[in-house]
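Here it is: the structure, laid out below.
The letters A, B, C and D name the chains in turn, as written, and every chain counts its residues from 1.
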């Protein structure tokens, strides 16, 4: 089982810096775009968490830059959900240049669960546990 | 009377584009930085409005680009409050390169007053009327 | 004749501010996205100008904010080329919320032509004159 | 010996998201601001590298989010240079809220050296080796 989604991002003129390469901070946005798309596809949007009384703040974000991208490049941003035991949400990512499949970046993000006023939750929120069970069973079929 | 404030902004590496000039959209942030500094100086912060039950959404923003700035340039962003009659908040701005006083940009912003749920206010909120009176009297001294 | 293009933009979570509305500066990016799409559609990309020895820096940008948009909203950004006589490039824009066609923003941008080292061009670059003629004739058919 | 620099950053209104906390991607900019300040203090600016025929692209960036910051918070961003043997540039960072010294974020960045056209350099550029020697000797005094 691999829950994943891939989005296409076109590098904007304003996202490259004076050496004509994407400014390294902008990839963080592309990863969030992929997370949002993943959420839409699998019913795990931010709003879904919010309505269930929790937030999923970023806890750890690790980016490894392999090659640079430039304005106009089409990037394929792939996000994959990682099955883990603790009360956290982990995604892995890789970004490839569409035209030649060249690897641009890999990344991993860890998010925690908190209540709406920011208190850390030591267990996954029930709706997320159910979501997880459903997908794990789906995969066994 | 001229209520005004000037801030210094250093152009960041990430704010210039591939032709090594500040990307034109980034000036909007510099203007907001100046508004925040003006608010701190004269007691007119966003929070002040908020605590008085109102928001001041942008309604009209007009930027005139005169010269370009590049990474590392120190810019002096001057904001001046405009005395007007209607229920709106108007500021004028000019941005100059500090080293040679060269004019980079002029701008004008118009903000309206709304309630916290976004309903337009046809009169200035009372605390702002008082603020205005106080400064107009101050200026007469 | 109306040369125009419309793109769809989905408001990102990171583009809204603490009152859950799109931060007003972010619309400048949406307008640039529309200009890039217009350029791709009609053969008027930045690169095209660059290869012909010129840049088209922003000279005047005027935004009128009508309504706010929030995270997740799909916006239709329409850009229309304006036929003008002088050596400048003018576009008009309107942004509507897709779901109910509500008008969110209107804008107008004026760009000038400069050489690659920033010297103002008093006449349109020849390739742009040809582009203009071609489209004007196209429209007469 | 610890070569370090600390800058103060005031969280902007536009940098917080709809839950009123700094959007996690914005910290990447604060870290770059600190690197630029470090460069100015110790003579290691991007321009210095550029004039010596090299670039220092980001290779690995690891952020650990401890607490959230909100609009108006003053953050102290501390950057420390790490002495390493290979041909890379490593910095460690911590960000603290000024008012109570609360830890907000820690991070580490690894940059590599490339020629101006992006070819990886397996040895540090000579001017950087000299820079390193000078500071190591300075520290022995």
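Here is the rule we use: contacts are C-beta pairs under 8 Å (C-beta built on N, C-alpha and C of every residue); 3 or more make two chains touch, one makes a residue touch a chain.
Values in this document were obtained by computation on a predicted structure and should not be read as measured data.
Engineer: Determine which of the two chain pairs, A-D or B-D, is joined by the larger number of C-beta pairs in contact.
Structural biologist: A-D
Engineer: Based on the averaged CA atom positions, which chain is farthest from chain A?
Structural biologist: Between chain A and every other chain, the largest centroid distance is to B.
Engineer: Counting only Cα atoms for the centres, state how far chain A is from chain D in Å.
Structural biologist: So the centroids are 25 Å from each other.
Engineer: So how far apart, in whole Å, are chain C and chain D when each is placed at the average of its C-alpha atoms?
Structural biologist: About 36 Å, centre to centre.
Engineer: For chain B versus chain D, what separation do you get between their C-alpha means, in angstrom?
Structural biologist: 30
Engineer: Would you pick out the residues of chain A that each touch at least 2 other chains?
Structural biologist: 13-14, 25, 29, 32
Engineer: Given the complex with chain D, which residues does chain A contribute to the contact?
Structural biologist: Touching chain D: residues 19, 21, 24-25, 28-29, 32, 55, 57-65, 68, 118 of chain A.
Engineer: Please output the residues of chain D touching chain C within their complex, sorted ascending.
Structural biologist: Going through chain D, the ones touching chain C are 13-14, 16-18, 20, 23, 25, 71.
Engineer: Help me check something: in the complex, which residues belonging to chain C touch chain A?
Structural biologist: Touching chain A from chain C are residues 12-14, 29, 32-33, 36, 46-47, 72.
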